[in-house]
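Right after this note come the structures.
What follows is a pair of complexes built around chain A, which joins chain B in one and chain C in the other.
Take a look at the complex of A and B:
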């Protein structure tokens, strides 16, 4: 409600009770200089740069912390305000090194900008300047704390947004320092945002260091595709290379923040294993050839090896673009084959488990209870986790059912451990408890299910909440009975009026779902293709070592003599080289235009930020030419936006091919759950050097409980499929939880 | 002399509960517990008494207490600021040492008036003896059944805790004190919101100085008018002054407001033989310096000192005779503020260091002719631009020292040595 009327610089304006002067000045386009103020962080009022004159007030007042009041007369540019602002500016500059020519922040520095308006051209300071020794804070953020102006934005970011207090203001007086409390470096998955909020060159991007001056770069709007959010970003390019990625504001998607994965993965673009020219394998020897030769080789190879259409299979990474998915399925179906799949890492393909989410990103902030199933949400979907964290700050409670207790940045009320093979029975018990509490008819299959206090508590919390959500994470994908889990979650949600957030379809999976990138009409899914009679494969951005639930099955199949593999790939990894017969060099993230469909179902298109290196080409173009050469009609596209238009206008639905079967018997065998760590989620991220050097990048543990370890005769430090064993009582009994950057074994 | 806070000084065992009760202690508190004194009556008496906050700002205590939203639901707090750190002051320490019960009773009364059931006394970190003495006093009062829940069967509850600071001057600033009390780094909060609305742990809180609380029981037992009449208009009652510096008997004196400065100087034994009064800082190092001529004409009350160009402040009277080198003295003071700045806000963090470094350079004989103008300009840029009053406190002495003794500074800069031959 607008209830306050006051004057600012002679202009009569209205505001709400409690609005700060600076927020109204911003709204009215009145420029008030500031450093510590940030619209997404709490008010600190410590820089004093935004001092303004309020009539009747003997002292100038900070615009950030002073609420407007009826009848106030505010002057932001009269002598009193200007003198106060200039005084503060002078103090800020006396100990600042003024090393702008060698500072990466130069050109985009708030101190530099404001100093142009409020600073003096000659310093009156004749004493020695302060020098601050730097402590390294990890591979992502470069510190030059001598430049720090102690605005505490980074400290407040850590405490309020990242939820991990890693930086603090220590010491006092002139000796105050912003420094990390720990020596291992900053560990937050959102740490890069500290670079964005730092108004000066104290915190800058380490991988970007000395790469380019900010004014030399172009900033191109783009979309990050590592997770389900599709964070809005700018790619900043210089001489045809992406030099840096920064956040672009979009309140309903990523607000002001992006994850470190979205920010630093671009480094992978320049990896030495980039595929730069088409390659064909003849007599087991690779040779670089022209596109014409490679395409001919590919087309004739596909034709020769495929006696009937059903022997042709197409597999694509879940990070492909909407356009790539659309054209690939069109090509496959033109071929007469239904063998297409993107669900390479799913163990249970028995039903289409595209459980639809029934809540939006922004709505996640206003839930009052969340049940997180099978997700290390903080690392896997950082921006979604941030929304949940915000909800918890407003009082929401969170329960988890996970294979291990994970390190969340908010309190978890109840952490239930469940090995993959027991998740179904766990959820059955929760469902039964819900039935009992809601006095609804118990389905027959639950008659023998037992419940205990844990199940009752989970059910109670769901029922008691007004606005609960059940979050299903990506760990479910490697569960062989995931369709049962999905079915149960649907039932639980329906009974408790909970919304569903299905995060298991991550990356650009929703684009694949949208264009029906799954076998229909008796086609083969990924597992049937790999274990069946498929004689030729077209692989889109696939790494056989990482992307499959069974990398052994995949590599064995691709390596068969009589199987012809065309790989569209940005990287020439060892396994790709050994599996493929043709490598068609593929443009990577930011090198191709495309579309990502995010959690909210919003299709966000982006253009290419840079052209792809060497002879590599955007995926949609390669597929189009392949289709043309294969003689298919309907591929005469000249622009990816035409492809997107077609993709979004055609409704291809792939039906479920079986009923939900929730009756399941408990398996007592010890299972292994292989979960790649977030910085091994896709090819480009795996090649991003700085990310790999972080704590998250180095995750490499085979967690096993004491009891299970004894059963398996494992001890601490042993290698379990190449991953060091960590005996840990926070992991569920009856399983080994392998959390690692390494590729899947077995 | 010594009629309110120090009234038991001449008794045996002045800090004990027995002595305190013998001289009328806890009479007011018992009346409250018997339901014979309403909060409104107490507020009226306090307003009549003219008691003003003794911590330095001089805000009327009765008015301050009436700002608390006493009928608001939820926890409220009473906090006593015993973080006495102003250079030149040590009278609160002696109140804690010799009359701790007056503080306890004053706080309990405040709690009753403002409907706050918990109180904290934040005691300066270096005050170990007063701390133990105060703790002992609290224990005695609890043993006597005068504190706790539903005290003496009444509906009144009040619990009191002591907290020992950790040696930061800034924690004497009331909001920094609250931060410190909450276990955080002692840094002032910006205002608004004020502690009366958002104070300790975000709850309504009233913070008063030790001497203010200690005066309350006597005011209520002998009447607001009695107290007001002790002093002069606009400065009711008595005030404890710590008289230090170049006097023969530096000590604490509780004298009526309006006592001539010259009398106070005499109480402290006067100057050393042969010395002449050069300057006086009347209210602690944060208040402007006055020349001897001005000081000798003033009386010790809010208005007179303000008319003389300074402030009563915390009642810490620093006497300087003609053996004092003003450059050296100011440099020492500048170092204090440079050292004690919390570093949170820009003008104070950067400005106090700049002032100190310039002064130290002058003291080292490397002064430049334009340094004095620069000092004046720097202090002017600090004043009024900081979160709390420490910035102003650091700037004030620079301004007043240079204004009154500019030739002495100029001499030092020119000759690289002090104009004052004997520095002692």
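Take a look at the complex of A and C:
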């Protein structure tokens, strides 16, 4: 409701009750200098830089904390305002060092910019400047606290956005300092945003330190594709290398924030194990060859090893681009094979994508209740978790059904523990309780199901909420009865009018779904390919050690003598070298153009930020040439956007008739659930050094309850498949929850 | 470790605030815990207070470093808190602090060799009318002179 009219610099403008002067000035394109004000953070009004003159007021007032009023006359550029701003600037510069030439913030520094406009040539102060000792806050953020002007943006960011209060303002007066309590390092998965909000060079990117000056770099619009959000970013490049990644504003996708994984994963691009030239394996010896030789070798190898089309299988990482998925499935289907899959880490491959999300990213903020099932949401999808956190700040409640009590950055009303093998019966009880409460006809298969207080509470909360959402996370993927879980969740959602957010299809999985990158018409899925009669494989960005639910089955199959493996890979890891017969060097993230489809179903295309190193080539080009050499028609693309157009125009109808399984036998055996830490989620992230040195990067625990530990004869500190055991009463009985950066064992 | 007795005292203060506002009792909690720990705080104690009141540790640290009445290094049995703000300074507090330092052979912020006394410069204690002044324990000593200081030190045992 526009109800206030006032004047700013002689211009008549309208605003809503409660708007601050600075927000209206920003809207009207009037420049008001500021340090502590940030549109996404609370108002602190402690830097005093935004002082403006309001007619009738004896003193200049801060524009950030003064609400507009009817008939106000505001002057941002008259003498009174300018004098006030200059005086504040002089104070701020008393202690700020003049080290801009060696400061990484130089050139993009808010203080530097404002000092150019408002600073004086000569200072009245001759006293020595203060020096602040640094504590160091971890591998991602470089601190130079002598440069700090105590705007407290980082403190407010921690408290209000990241949800973990780590930085604080200690001491007082001359001795005041911004610091964390101890030097364990910042724990937040969104910590890198503190670098973006810091107006000076106090917090800068550690991996970027002294790499380039900001004005030397090119900023290229790109899309991060580690998670389902597709955060908008700028990649900043210098001399053909990505030097830094920063957030790009997009209110409906990532607001102004990005996760640390999106920000720092680029480091992996320059890893020493990058695959730089095509390689073929002859008599068990690797030799570097030209592209022609490698492609001929690959094509003839594929042809010779495949007596019939059904012996050819194609597997792709879920982080591939839409174009790569589309061309790969086209190539495979031209080959006459239906053996394609990207669901490498899924245990239950029986169903199609029957659970589609029915809510958008922006809508997640306005929910009033969330039921999180099988997800450590904070680490899996940091930006989606942030939306849920915003909802909780305006009063939403959250219940979880998880294998372990996780560390969320908001309060959880009810944390229910459930081992993977008991998730189905747990959800059945919730469904039964819902049926009883809504007085709907009970399906037969629920007649014997028992309910208790917990199930009733979950059902009650769903019914009572006006705008509930059920969130399904990544843990479901390794659950052998996930189709039942998915079926039950859609039943529960239908009965309680809840929206669904399916976050189990992460990375660029939605692109794979869009182009039908799954076996149809009797083709083999990943498990049957690996255990069946497949004689030749084409692997797209696949790491046999990390990507499969059973890495042993995968490596054993690829290592067989009579199996021919063509691997398109950006890295030459030990396992890739031992299992492949040809390595075609693949351009990595930011080196190839492509498209990512995000949670909202929005296809976001990006161009290459840098050219790929050595002889490596973008995936879509390699696949196109392979298809040409195999003699297939219809691959005459000259640009990736043509591929994307084709990919987005095809219509894949998905069978959506999965039925809820009725008989579920409860397995009493102990199960293990393996989740890779967020910084081990894909190849490039695993190679990013700084991320691996953070607390999240070092996650390496096999959590097990006391009772289950006794049953398995495990004690604290033992190794469970190479991961140290941690006995913990916040884990469900009857399972081991392995959370680690290490590769999957067994 | 915070003793059960101290926890009881903290609970007394916590109860004075509405539910969910336990953190309002942080200053009293710091005072109680500091008293129990012979007049100073440690990182471990601050962590424990944060855990007890359900606050982020850094938020407790912010309070504990803002106010002069919390000590982060061990102190003597008696802490002479000497005001050095304007009224006391105009009445000669600087000279008296130097006298104290010479006599006790300590610098401000340090403990005397026998562990009995430490000296701390503090901001205004609100007794400007009696400046120069200092506080030892709960007692104010006003209109100080070198002679008076000798007398006071003589009584500290």
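Here is the rule we use: the second predicted complex is superposed on the first by the 735 of 746 C-alpha atoms of A that agree within 3 Å, B and C clash if a C-alpha of one lies under 4 Å from a C-alpha of the other, contacts with A are read in each partner's own complex, and residues count from 1 in each chain.
We take it that a residue touches a chain if its C-beta (ideal position, glycine included) is under 8 Å from a C-beta of that chain, and two chains touch if they have at least 3 such contacts.
Note that the structure is predicted; figures quoted are calculated from it, not measured.
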- prompt: Looking at the overlay, what does A:149 touch: chain B (first), chain C (second), both, or neither?
  reply: first
Field: Touched partner set for A:180, first chain B, second chain C, both or neither
entry: second
- prompt: Which partner does A:212 reach: the first (chain B), the second (chain C), both, or neither?
  reply: neither
Query: Thinking of the overlay built on chain A, is A:127 touched by chain B (first), by chain C (second), by both, or by neither?
result: first
Message: Is A:90 touching anything from chain B or chain C once the two structures are fitted on A? First, second, both or neither.
response: first
- request: Considering only touches as defined above, state whether A:165 meets chain B (first), chain C (second), both or neither.
  value: second
Dominant contact partner of chain A by residue count, chain C or chain B: B
Task: Could you look at A:648 and tell me whether it touches chain B, chain C, both or neither (first, second, both, neither)?
output: neither
Message: Can you give me the overlap between the chain B contact set and the chain C contact set on chain A?
response: 169, 171-172
- request: Would you pull the chain A residues touching chain B in the complex into a rising list?
  value: 43-49, 51, 58-60, 62, 65-67, 84, 87-88, 90-92, 94-95, 124-128, 149-150, 169, 171-176
Query: Which of the residues in chain B come into contact with chain A in the complex?
result: 168, 170, 185, 190, 192, 338-347, 349-354, 357-358, 361, 368, 374, 377, 380-382, 384-387
Residue ranges of chain C touching chain A (in the complex, touch as defined): 43, 46-47, 56-59, 61-62, 65-66
Message: Which stretch or stretches of chain A touch chain C in the complex?
response: 164-172, 180-182
